[in-house]
Each structure stands twice: as C-alpha cells, then as structure tokens.
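Structure first, commentary second.
Chain nomenclature is as follows: A, B, C, D and E, assigned in order of appearance, with residue numbering initiated at 1 for each chain independently.
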Amino acid sequence: MIDFIWIIPLLPLAGAAVNGLLGKRLPKAVISLVACGTSGMAFLIAIGAVMDLLGRAPDERHILRTFYTWIASGDFVARAEFLLDPLSAVMLLVVTGVGFVIHIYSIGYMHAENGYYRFFAYMNLFLFSMLILILSGNFLLMFVGWEGVGLCSYLLIGYYFEKRSAGDAGKKAFIVNRIGDVGFVLGIFLIFATFNSLDFAEVFRQIATETHRFPVESGVGILTAIGLLLFVGATGKSAQLPLYVWLPDAMEGPTPVSALIHAATMVTAGVYMVVRCSPIFSRAPIALAVVAAIGIVTALFAATIGLVQSDIKRVLAYSTVSQLGYMFAAAGVGAFSAGIFHLMTHAFFKALLFLGAGSVIHALGGEQDLTRMGGMRKYIPVTHATMFTAALAISGIFPLAGFFSKDEILWSAWAHGHPIVWLVGLITAGMTAFYMFRLMFLAFHGQERFSDEARHHLHESPPSMTMPLILLAVLSIVGGLVGLPAWLNLGSNRFFKFMEPSLALAYQPEHEELSHGLELGFAGISVLVAIIGIWIAYGIYVKRPQSAEALATRTKGLYRLLLRKYYVDELYDRVFVNPTVTGSRETLWKGIDMQIIDGTVNGVGRAIMASAGLLKGVQNGHVRSYAAWIFLGAVAVLFGLLMLR
Amino acid sequence: MEKFLFYLFGGIALLAAINVVALRRVFYSAISLIICLCALSGLYMLLAAPFIAAVQVIVYAGAIMVLFLFVIMLLDPFSASTGQDKKRLLSYAAILLGIVALSLLYPILKAYDLASAPRNAGIVPGGTGSVRHLGEVLFNDYLLPFEVISVLILVAIIGTVVLAKRRA
Amino acid sequence: MGIEYSPLIPQLVLVLAGMLIMLLEPFTAPERKSRLGQIAIVATAVAAYGLKLQSNHRPHAIFHGMFLVDAYTYFFQWLFLVITGISALLSMRFNERESINRGEYYALLLFACSGMSLMAASGDLILTFIGIEILSIATYILAGFKRDDVRSNEASLKYFLLGSFATAFLLYGIALIYGSTGTTNYLAIRQLASLQGSVQVTTLIGMGLLLVGFGFKVALVPFHAWAPDVYEGAPSPVTAFMTVGPKAAGFAALVRVLVQALPGLGRDWTSILWIVAILTMTLGNVVAVRQTNVKRMLAYSAIAHAGYVLVGIVANSRTGFGAVLFYLVVYTVMNLGAFCIVVSLSHKGDARVYLDNYTGLGRKAPFAAAALSLFLISLAGIPLTGGFIGKFYLFSAAIQKGYIGLAIIAVLNSVLSVFYYFRLMVIMYMREPPEGQPDPDPISPPVMAIVAIGVVGILWLGINPAMILNLAANSTLP
Amino acid sequence: MEIRNILSLVTYLPAAAAILLLLVPRRAENAIRRCALLASLATFVLSLYLAYHFDAANGGMQYVENVPWIRTATYRVGHHLGIDGISLFLVILTTFLTPLAILSSWQSITKRLKPYMISLLVLETGMIGVFCALDLVLFYVFWEVMLIPMYFLIGIWGGTNRIYAAVKFILYTMAGSLLMLLAIIYLFFVSGGTTFDLVEITQFLASGSLQLSRREEFWLFMAFLVAFAIKVPLFPFHTWLPDAHVEAPTAGSVILAGVLLKMGTYGLLRFCLPLFPGAALAAAPSLSILALIGIIYGALVAMVQPDLKKLVAYSSVSHMGLVVLGIFAFTTQGLAGSTVQMLNHGLSTGALFLLVGMIYDRRHTRMISDFGGLAHASPVLASMFLVVTLSSIGLPGLNGFVGEILVLAGTFMQNRTYAAIAALGMILGAVYMLWMYQRVFLGKVTNPENAQMKDIGLRERLILLPILAAMLWIGVYSAPFLRRMDASLQVVQQRVLHARGPEGGFRVEQLRAFPGREGSR
Amino acid sequence: MDIVHYLILSALLFIIGAVGVIFKRNVISIFLCIELMLNAVNLSFVAFSSFLSQVHGQVFVFFVMVVAAAEAAVGLAITIVLQRNRGTLSVDDADIMKW
C-alpha cells in the first residue's frame, strides 16, 4: 500500500479537476460523489499506507518515494518526493479522515448553494495541497503545499465572493499568510545556504551527525536563525501572534471550511512544520523559547478575546487560535509529541464544534449571533449532544480527548522547567472552559431569543450532517486514549512511542524524572480549573442571565478592549495598511513617478521644445541679422583658430 | 613720394568706403564707391599693375558701377531708407564686430613676413605689370578657368533675362 | 599640344545641352516646354555615358593642375548627374503647374551641374571659386524662378545677398592663402606647407575664411541662417535640388581643399569643425522639432545632416572621408526621395506643404505615405535603411579617431531627430483625416518610378551596402 | 530530419509572410487573419524543432549559421545566428506568444487590419532576430528594426493617448540603444577592428588577447547597460512602460510585456556579463539596489493604480527588477531563476494583458472602479484570470514560483539582505494583485453593465489555454527547462567569476566558495 | 612702401564693407558694400602679386571682376523683381519667411 501513497494526493486533485472543469454541467449528486469519493478513497489508501507503516520495525518507519525532479539548479534540487513516517502518518490520517468526514457533512450543509461544484473543487484542491504539505520530503515541496493550502483557504474564505467582507477576509488571509511565508522562504534559503540541500533527510542527517558544526546553540546561531525564520512562517499559517488577525475574519467562509481548514488541518500546519523541524528547533533553545512564549501568550491572548465575542464562529475561531497556541507551547517546551497529540485531538473536537455550530447556524437559517439564540437544545438535540461532548473535551474534562492532550502539554511545561508556561496555560484552560460553556449556554439554554422567522424553519440537520457530528463526537471521546499518560498505568503511551522515530534526530535534553503522583496532582488541578470555568459560565449565563450585562458594564473598559479585540486590526490598519496605500499613491506614484521621474523625462522634452522656440527666434527672417551671424561666425572661427592653436 | 601717394590714395579709398556705408542715399553711396574704386586704381598703379589699374577704371568703375547707377535711377533715385532702423542694435553689433575683426586681423597682417612667402612659379623678374606676361599666364596656366568663366557669364545673362524680363 | 580634353566631355555635354536648350527655347510652344526638360535629362544621361567612357584612368591632373581626374571626381560627377537628372524630372510637372515651365530652368540646372562637377574636380582655388560661382548664380536664379511669387523672390534675394557676402569671405581667404604660399594650386600649397614647416598665420586665417565660405555653401551653423528661408521659399524641386546638390558639391570641394591642400593644418581645422559639427547638428535638430512646414522641417534636417557629415570630416581619416562620400550618396537618395513625395503632394502655389496637410495620408495615398515613411526612417538612421549604415560609418570613423564625445552628441541628436521625423509619420498614420480634405493628386508615373527606385535603393543601401561602401572607400582622396 | 539554416527559417518566416501579406487585397480580411495566424503558427512549430534537437550538455551556441553580410575594407559584419540555452526559450516564447497575440486581435482590430498583421509579423522577425543574433551589428539591427512596428502598433491601434505613448516609447528606447551602438563600434576598434562577432570578441577578452582598461570597460558596460536598463525597464528608467502599455492594443501589450522587456535582461546576460564581467561585478551592488527599488517601488505603485493595464505595467517593473536582481547575483540559482523568470513573466504578464484586453473588448474601460463582481457574469474569465494572477504572484505549482524562488535563493547566496528585501516583493505582489482581483471580480455587481458581460468564448479560451498549460508545466516540472539552460548559464557565470581577482571591488571569492561551508558570515 | 600697409588697408576696406552689409538697409547699398569687399580683396591680390613678383595675383583680379559683374547683373535683376513685387528696396521688409 505504501507504494501507492502518490495516489493519495492525486485523488483529491483529480476530484478537484473534474469538479472544477466540468462541475458546472454535472448534477449535484455526481459532484458529491466525486468529491467525497476521492477523499474517501484517499482516506482508505491512507489507512492502508499507515497500516503498512505500522507493520514495519520502528526504525524502518521512514519511507521516501521520489517521483521526478521538479526543480534543479546547481545544488538547489527539489524533487517531487513523498515521505511517510509516523509524523506524516498521523497528519495523513487526521487530514484525510477529518477531511472526508467534513466532505460528507458539506453535502448537506451546502446543498442549496449555487456554486456547489466550485465549493467541492476547492475543498478537494485543499486536501491535495494539504497532503502535499504533510507528505513532502523536502522543504520546497512542503512550501508548495504550504502556499497551496493558503490559496485554497483564500478561495474558500472568499467563497461568498459577492460579500465584500468575504473578499476582504480571503485577501487578508492570503496576505498575512504571505508575510509568514516570506519568513519561511528565507528560512528555507538559510537552510540551503547552510546544508546545501533542501531534503529533510539530508538536512537532519547533517545536524544529527556533524555535531561539531551544529552543537546545541547557547546563543543565536545559525540553527536559531533558521528556526526563528521558519517559525515566522508558522505564525502566519497557524495564526499566532502577531499574525493571527486573519483567522477570525476567515470565518466568512462556509462553516465546513472553518471546520476543515481553519480548525482541524491547515492552521495546524505550522505546528506540524515545527515538529518536523524538531532536529533544528531542539538545538536552538532560544528559538524554542520564542516558540513557547509566542504560543502561550497567543493562547492566553486569544482566549481573553474569546471570552466576550458574540459571533458563534468567532468564539470558535479565537478558541482555535488559543488552542494552536497550546500546541506551539508544547513544541516550545520540547514536547513535540504532545503538540502533535493535541493537534490530533483538537482536530476532532474543534471540527466537531465548528460543524455543530454550522448545524446551529443552518437550523437558524444563517444566524450566527449568540445573543439571538438560546434554548435551542430541544430543537436540535443531536447537535446539542455532540457539541456538548466537544465542549467538555476542549475544556479538558477527564476522560475526553482534550483532557489527555492538554494535560500532557501542561505537564510537559512544568516537567521541562517552564512553570510560567504551565501557569498561563492553566489560566487559559480555565478561560477556555468558560467561553466554551458560555457559548453552549447562550446557544442552547435559557430564553429563546431568535426571531420568529428563524423559528419558522428551525429543524434538526439532515443525517449527512449529523452523522459526521456523531462520528466526531465519538472520536472526541476516545481519541485521547491512544496517548494515555503514564500515571494511569494502563500501558505505555502508544502515541508517543509511535512518534518516536520521527523525533529521533531531535536533541533530547535531560529532564529530572518527576513522580507520577505529582503528575496526577497536576492533572487534578487542571480539571479543577476547567470545572471552575464551567461553573462560572453556568452561574452567569444560566442562573442569572442578567448578570452578564452587569458584569460587562462594571468592567466597561476592559470589556470593550476585549470586544474590540485589543484594537489590533485598527492598529495594523493605521500603522501598516493606510500609510502604505497613501504613501504609495501620493508619494511614490504621484510624487516620485509622475512628478520627479516622468517630470524629468518630459522636462527634457519641454526644455528641448523651449530651446527650439528660442533658437527659432534667432531665425528672424532678416537678412541683415543673418549676415551678422555670418560675420560673427567668421570672427569666431578666426578667433577659435588662433586660440586653439 | 610713393609713401605720399599711398597715403593719398589709401586715404581717399578709406574715406570713400566709409562714405559708402555712412551716406544714407544709395545714389551717393554709389558715387562714393566709384571714387573708392578710382582711388584703388591709383594704388594699383603704385603696385606696378597698370593694366589692372586701367581695367579697374574702365570696366569696374565705368561699366559695372554705371549699371548700378542705372538701376538706382530706374528704381528709386535718391531714395533714402525710410523710417527708423528697427534693428539699431544690429548696427552697433556690426560695428563692434568690425572692430573685433580688425583687432584680430591687424597683428596677423602686421606679422606677415614677405620673406618667408615662397616664390616658386611664374616669377617675373622685371616687374609684373606687363600685359604680355599677364596674357601668357592667363592663356596657359589659367586657360580652363578662363574658358569656364564664360559659362558663368552665360548663366548670369540667362538669369538676368529670366528674372528681369517683363512678363510676356 | 598635350592638352587632354576627354575628362571634360561630361562638362561639355552639359554646357552644350544647356546652350541647345536656350537655342530651342524661343521656338518651343509654352505647353511643350517639358520637351526641354527631357533634353536636360537626356543630357545628363549622355554626360553620364561620357563619364563612363573614360572612367578607368589613373589619377592625374590636366590643365596645369586645374582639373584633377581621379576616382573622387568620378564619384561626385556621377552623383551630381543623378541629382540633376532627377531634379529635372521632378521639376517638369511642377513647373507646368506653377506656370514657370521654361527652358532656362533646365539650362540653369545643367549649368549648375557643371559648376558642381568643377567644384569636385578642381585642383586650384580659383577654379573652385569659379565653380562655386557658377553653381551659386544658377541657384540664385532657380530659387527665384517663380518671380511673381514673393516667397520665391525673397528666397532668391536672401540667398543672393548672403551668398555674395560669404563669397567675399571665401575670396579673401583665397587671397590670404595665395599671399602666404604664393600659389593657389592645391598640390603646390600642400608641398609648400610641408616644406615650410611652420605655417604662416595668414595661411591659417585664410583657411578660416575658406571655411566660412564653404560653411555657408553647405549651411553649417552659424552660416546656416539662409538655408531654412531659402529652402522654404524656393520652388520645391529647386529646394530638393539645393538640399542635396550644392550641399554635396560644397562638401566635395571642402574635403578636397582640406585633404589635398591643407592637410598640414589638420589639427586646426578638425578642432574648429568639431565645434561647428556639434553646433550644426544640434541647432538643426532642435529647431526642426518645432517646424510646421514640411519643407522647412526638411531644411533644418538638411542642416543637421550637414553636421553629421562633418563628423566624418572631423575624423580626418580615410574611413572618415569614405563615410562622408557614402553618406552623401545615402543622404541624396533619402532626401531627394522625401522631396519627390513632398513635391508631388503639394498643390498649386506650393500649398499643402504643412504638417497638417499630411493628416491621414496613410490611407489616402498609401504608397506615397509608406515611401515617405521609409525615407524618414532612413533619415532618422534606423537600421535596414541606408541612413543607418551611413551614420554607422560616420560615427565609427569618429570613434576610431577617438572622438567619443562628438559621437555621443551625434547619436543624441539622432534621437532628437527621430522625434520630428516620426511626428510626420504620426500625422500620416495615427491621426484621423479631417472631413472634406481634398485627396492628394496622384503621383506622376516617372516620379513614381523614381520614388520606387529610391525605396529600393535606400533599402539596398541598408541591407547590402558593401558595393557602395567599397566604392566610396575607393573613391576617397589619398 | 535535419533542417539546415533552421534559425534563418524561424527568424525570417514571419517577415516573408508579411511581404506575402502585402499582396493580399485589403478587403480580404479573413484571408489576412488566417495567413498571419498560419505563418506565426508555422514559425512556432519550427521553433519547437529547436527545443527538440537542442543539446542540453552544450553550453555554446547551437544551430549556428555564419555567413558574411557586409564586407568592406574596414568592416566585417557577419550574419551570424545561433542560440544557446538562454535564448532558446526566449525564441520559443516569442513564437508562442505571437500567434496568441494575432488570435487575440481577431475581432478587436477592425481598422487597417492588413498593416496591423504585417506589423506584428515584422515585429516577430525582429524579436526572434534579437535573440538569435551573435554579431553585434546584426543584433543592433534587429534591436532597432523591431521598434518600428511596435511604434506603429502603439501609435495607430492604441488608445486615446497613443501618440504620446508611442513617441515616448521610441525616443526612450532609441536614446538608450544608440549609445549602445557607439559602444559596439568602440568595441570593434578596440578589439583590433576586425570583427563585430560576439563570440570572437568574447574569446579575445577571455583569452586576454584583448584587454580593456578598467575605465574603458566601465563605460562600455554603462553604454550597453543603459540600453538594456531602459528596455527592462530598471528603475528609474521605467516611466515609458506604463504609458506604452496602457495605450498599446492588446496584442501590442502582450508582445511588449511578453517579449520586448525580456530583451533588456537577455541583453544583460548575453552582452553585459560576458563582455564586461569586471564592470558587471563592480556595478552589481548598485544595480542590485536599483533592482530592489524597482521590485518594491513597482509593487507599491502598482497597488494604487486605478487602471488595470497600468497596474500590470508597474507589476512588470517589479517582476523585471527581480530578474535583474537574479542576474547580478551571479549565482547558479540566480541566473537560472532569472532566465526562467523571463519566461514566466512573459507568460503571466502576457496572459494578464490578454485577459485585460478581453475585458476591455466587452466593457471598453480598464478602470478598476468601473468593475466589481465580474465573476458573476463571467465565471470562466474570472477563474482564468485568477490562475494567471496566481502565477504572477508566484504561487507554487505555477510557473512564477520557480523563477521567483530560484532568483531569491540565488540572491540569498550572495547577499542576504537583498534577498530579504526582495522577498517583501512576494508580499506586495500578493497585495496588489489580489486587491485588484477583488475589486474587479468579487463583490456585488454595482454597475449594471457588468451584469450582462459575456463570458469568454471558444476563441478566447483557445488563446488562454495554451498559456495556462505552459504555466502549469513550468510550475510542476521545470527541470527540462532548467536543464537546457544550465550549461549556457554556467558559461556566463564562469566568465564573470574568473574575470577579476579580489581587487575587483566586489567580493568574488565569496561567490566561489559556498558560504555555508566555512560557517556563517 | 611695405606690403603690410596694403594688406591692412585692404583689411580695413573689407571690414568696412562687411559692416556695411549689416548696417545698410537698402538692397542696392548692400550690393555696393559687397562690391567694396570684393575690391578690398582685389587690393590684396594685387599687393601680393606685386610683392611676390608674380602675375598670378593680377589674373585673379580679372576673374574676380568678372564674377563681380555677373553677381551685379543677377543681383540687380533680383532687386528689380523685388521692387516689382513688393515696391520696396529695404531688406528689412523681406521677412515673410522666418522661424
């Protein structure tokens, strides 16, 4: 099966091609079949390939398949090659699996849309790009996928292109991503300059074997520089500070898109990349510290904003930013596996949350404002139940998936000597529980605040939508079980074990072994914090609904600050966007280009014209002055002859 | 004596030349020029070129200048240039230029060294004025120009006829 | 007597034909005067045949060193005969239209041609002077040939007054040279100058005054002022003749004087002509930019081209003089070609020679517009036309001798010239013609044929120039 | 099958067809169109022969034809044609774009069709000639001759302000190229006055039998440079470009952007570097900075353009700046990237102009503010436009990326700051292109005229599809292209690197050795 | 007497003539000035001829005279046409064509 991994990305590509080129003339059923069929097939083959991988000895779980040489210029060689190892295997399953599920969901969700074929073509194209990203065996090919998913994100965010905000959001996503990509590209160049190669295998081999060239750096060395540049790319793609701004806006896209791209898969690419480059990062403590710091700060920062948002999808978006922050924090403290683990569980429950939110929105006929919901529990029970599971999972309630992965991160932070990361993470966890349940309560409990019109067609979603919900709910419940922590004494952590070959080349610093009891205690604390968060939400939004407003008025300044998202968008507009546009128009174009440069050019022309006018005047038509010119000329010639001699 | 005659004829020529320019009426200018030409003829005598001196009086002053006078009389006798000279500046410039030109030429001509001027062909030991010598040179060395200049005269005749002939 | 007359056969043919025309003139009915023009054309052809008969003589002088028979003379005589023939051809219909079709016109053209030939062939300052005078007086009259037309008359007057003025300078120059060398024969002057070692200052001054005279003839700045006015006012075919014939003759005589008589003063005249070249090119081109009358624009362009030719003279090398010869051929073809069309398109009274009259010509007279464009492109010096090869040759001569600055100024001038040449093309092709503009008259077949030959010629000179290049190079003075 | 004189055939076939067209009566418009298309297609097919039989391992000239042209006592000008890996694809690009340009004018050109087609075909000959000529004078001849048809294309079939644009175009380019002519002549004399042959002169220089003083070399380099910099156009010589582009008819813009601009960078590679490597080395820092300014400046100014064509024009300034940057990095990747980027820019900008032309044909405006929501009425147009946009901003998988990444990598090897600044161009490129795309195609239909806009038809699809296919090909599988360029570029690179020792004012040794090996700078 | 005197006199006459050409407005006056210039040159020719003991210089004077006569004839014809067409003899009035 492993020899067929090239088919995995090609299937969705074929789907995209069929739907994109012919979709306009195809019936919807065929379109759905093509789209879901290709992604489903890809999932199946992926399972087969991973099974194959599992069938091999751990140290042979590194399979590289080269197809052809894509770019070759001197040593700058990039081949079309796929790498399957545990890390990409996990990603492969998540991407194809969740992707497939969301495709199914979309059949129902998008059934009324005009650009049905277009949607599925983009979705398939996205899967293709994402698969290229995760399967790539070298940096440049990875970058292909990296930008490809950005493109699909752009296309899908702007799916409702007649909406101005959608167009804006898509563009913003692409551009902000591009900023990160520049960092990534420069990182790639620095890698090439340093290792003379672009292949993961070769680069990591050099790092691991030539220790004299690449020691663990105490200061800012070449690896740190590479790491930081790559991380810039990651902040863009994975919506970390300061480049997170595009993700909340990206919610303009259809909800399945938010679930697939902006929750489960694409945004995690940054994490994947950092983990993939663990040999580099692990030897660059400063880079790692930056990763951790940015991650955890982003986690807290986004969580605070999430506390007060009223758009259901935006809450989830900030939540995603926040959870991604966790993942980076994990990587930053050296717990690469934990990061990937959280990535996986997060994919399940966050996709579920989004799809659930989609179901809610669908039920209300497009309403996204939490303040216009309430009491929906009885109308859409399946959605409620599954979302509730997911909310518990993300809050980190034992024994749901989120608990295991988040706890692993927090514990690693403490264990690897980063108590501040742990503390902030803990606070954030509390906030997470709060805003998730705030969302749940506002949507499903309390008064029914939606309009009569909305009530009119309030209905539970079709099975094509609820089935994926249920499936994901199951995964959210059991997904954590592949990585049981040591203190449960239920056998070793299989997930980590599985991941080990991929991280083998990373530098493993020695850590003090801490007791399982302590770990258990910490787990208890985090669950407690989550419960407190839920309890507060319950207190405010269920027990005394009016208190929310009171609280808001009491902390007016802070509330507004959070509501307006710390004014970051405004700041960016004012500092970067507006001066650039105005400066370009007024100074560069109208000033330098039109006046100075073109002015000079035309000025030469005008000067010639003017001097022509002047010299024409000499030709005044009078014989006598002509004679004078001749006489003058004669004198001048004589004078010149005498002088020049 | 020679010196005196030089200065006499030279002075007359110079004065007449200035008059040509200075006098306002064309007729007087023409008369001045005739005087000037005659004075030059005198100088040619001094320079031992009697034949040229004679031709100068007969042909130049006698024929060409008379033609001028005819035309002057024909067109507008005694006509003075009417009105103000709108290009007065030009006149001053001309005078200035003249002075500059003179100051350029003067030292050079002054430095003209006769001794260094080569005398190769056609040296006539016993003076240059005789018609015989003149004729010999003209019809030997300068035969071609002599023939060719007839074409020039032909052209001038044709031209004059073409231009000045009354319309048929 | 060993006087050799055969090299003078073309001259004799021309002069005798001129006389024949004058003899026949009274007996020719007014509407049949073009016959006289045909006689003139035949005369040039016969003269050319006579030229061909005695072409393979080694270089020598006849008439006591007055008349030099060499490849240079031969080359220019060919050129002048062609110019004269075409001018006569071009004139016939024009003269009929303007009611100035008279035998004298053609006779004068032939005499002018003989004058030009003398200028090129002359080995003595006196003969050169007489040649110039024959040419000048003939052209004074030709310029004023439309005697009822104030413009023509004014052109004639200006040309005559200034021409005589300049002639006086030339003559004074001859006098001074004679005074300091004792001779007017080129070869003798040269021998003496080299014998003497240091040249008398009066020779230098004499040369300077010669330059004034020749400079006037070929319209170098600042002796150019007559040119635009005279070119504008003269009957168009005469203008066509004047922009190429006397100019080429002036250069022919100038080069001969400089190379054969005054090579010892090479440093002096190059340094003066260097400046004059720059002034001439620049002024010609700059002022041409603002012209609205095509004839006048071509007049300024002619001034500019004199400047380019001067570049080759300044180089003062075999390459340079070869380039001058070649360029004069090219220039003749393209300028005469352009004038053929301008003349053919003009209306009675030399009307419709303004830029505006050319609006939309590309549609109304596609062949004329295309041919004119080609000539303009050539004048601008764009490759695949003779103009390019000519300029290339000239500039490379300058560069070979290290006159980089001059070459740079020359090319910048070329850029400038593109502006006004191409503006005419803009007007012909890129502007829509206004309503109700009369269509141009069809071009007469013989002129059409000449233009076609010109088109082919200019392309031939641009694409396969080797033959004429070699001819020019072999015809240069030693 | 071997075709003799294949290069002459490819070069002169269009011109021959143009002469034949002269004989076709003016009224037979369809015949004229078909003839022109057929001729250009035939040329294209012939040019494929060049690629097919090209020997990638050979860095020298191939398909060489060398016959004397002008032979006089003083001058020897040869009709010397030949192509190497650098020119091969540019020739093909030319022959590829010309039929498309002809096809694009199928209906939009109604007046004076015959001269139009003749101009296009003559132009094609000129362009191919420029890329094939190996004799300096011959090169110059093609270089100039090509200006005339372009001048007419802009001036006759252009927009409202066409005359100004045409005149500006021709004066600007002439000013530069005439100085080059002087340099060519100088080079001729300084190399012994025997040959104008590029190959021979390069050999003289390489073998040391001809040595230029540093001053000479510098000024000669500058003279060539100015000609090429104007053509590229390198900041600040770019202001003719927006005018020319805006006013030119679609086909004119396509050819102008697609091929003509490449002549500048091609000239740098073909002449400036091999002939004057020392001066090139010395000038590299300043030129790189100009190129950088061009990249950023072009992008920023493009961003705020109200006119679609102007926007694309300024984007060309930005993209071509990248090409120059790559060339003057003198690294393998930089040179290869630049060469590829020339093709890419030809394809993507050519396609952009075609698309803008299609929109213009329908709406008779190019003002971005007049549009909005075009994707509703013309989804196919919108999606094709999107693909081209993406190619232009260097999305991986499309052609633009390959060139861009190689140039940046090559520059990075040479100077990291330059590369970092140039990489900003990637961002800005996305900004202005996507913003433009959004304003034109996305959003609601605000202008009712846009609602009825017809989508593109079969002919237009046929024009665009080959370009899109080529874009995809280069994007996905660029190795065949790179492989054919490699040897020739190496020749150029070696010439530069061995030109002068460390005293050259430019750190040559830094280029020779791989920077990473000795540890970081 | 020294030749230099003759030469300087000749130069003086020449310059006076040249200045006169610019100075005078009447066409015929201008002719007269040009004639004056030619005569000045003649003086030089004769002086050189005499002091160099050569006849050549005097031969030139003949030619110059012929030329002067021819010019005078043509010039006066042109003047007559001018007078006929315009009724003026002032060169300042002949300025239709300029710039």
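Rule of thumb we're sticking to: a contact is a pair of C-beta atoms (placed from the backbone, for glycine too) under 8 Å apart; a residue touches a chain by one contact, two chains touch by 3 or more.
Bear in mind that the values here come from a model prediction, so they are computed numbers and not experimental data.
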item	value
Relative to chain E, chain with the most remote C-alpha centre	A
Reference chain D; chain at largest CA-centroid distance	B
Centre-of-Cα separation between chain B and chain A, whole angstrom	102
Mean-CA-position distance for chain C and chain B (Å)	31
Chain centre separation in whole Å, for chain E relative to chain B (CA means)	6
Between chain D and chain B, distance of the C-alpha-averaged centres to the nearest whole Å	70
Shared-contact residues (touching 2 or more other chains) in chain D	171
Multi-chain contact residues (two or more partners), chain E	7, 17-19, 21-23, 25, 30-31, 47, 52, 54, 56-57, 59, 63, 67, 70-71, 74, 78-79, 81, 91-92, 94-99
Set of chain C residues in contact with two or more other chains	126, 130, 133, 137, 140-141, 144, 147-148, 156-158, 161, 165, 179, 182-183, 201, 205, 228-229, 290
Chain contact graph, described as a line, ring, star, complete graph or other shape	other
Touching pairs among all chains present in the structure	A-B, A-C, A-D, A-E, B-C, B-E, C-D, C-E
List of chain A residues in touch with chain C within their complex	608-609, 611-613, 615-616, 618-619, 621, 623, 625-627, 629-630, 632-634, 636-638, 640-642, 644-645
Parts of chain D lying in touch with chain A, wherever the complex brings them together	168, 171-172, 236, 238-240, 297, 300-301, 303-305, 331-333, 336-337, 373, 375-376, 379, 383, 390, 395-397, 401-402, 405-406, 408-409, 412-413, 416, 419-420, 423-424, 426-427, 430-431, 434-435, 438, 441-445, 476-479, 482-483, 486, 514-517, 519-520
In the complex with chain C, residue positions of chain B that touch it	105, 108-109, 111-113, 116-121, 140-145, 148-149, 151-152, 154-156, 158-159, 161-163, 167
Interface residues, chain C side, partner chain B - complex	3, 15, 18-19, 22, 63-64, 66-67, 102, 104, 107-108, 111, 114-115, 118, 124, 126-127, 130-131, 133-134, 137-138, 140-141, 144-145, 147-148, 156, 179-183, 188, 192, 195-196, 200-202, 205
Of all residues in chain C, those that touch chain A in their complex	157-158, 161-162, 165-166, 169, 201, 204-205, 207-209, 211-212, 215-216, 221-223, 225-226, 228-229, 268, 271-272, 275-276, 283, 286-290, 416
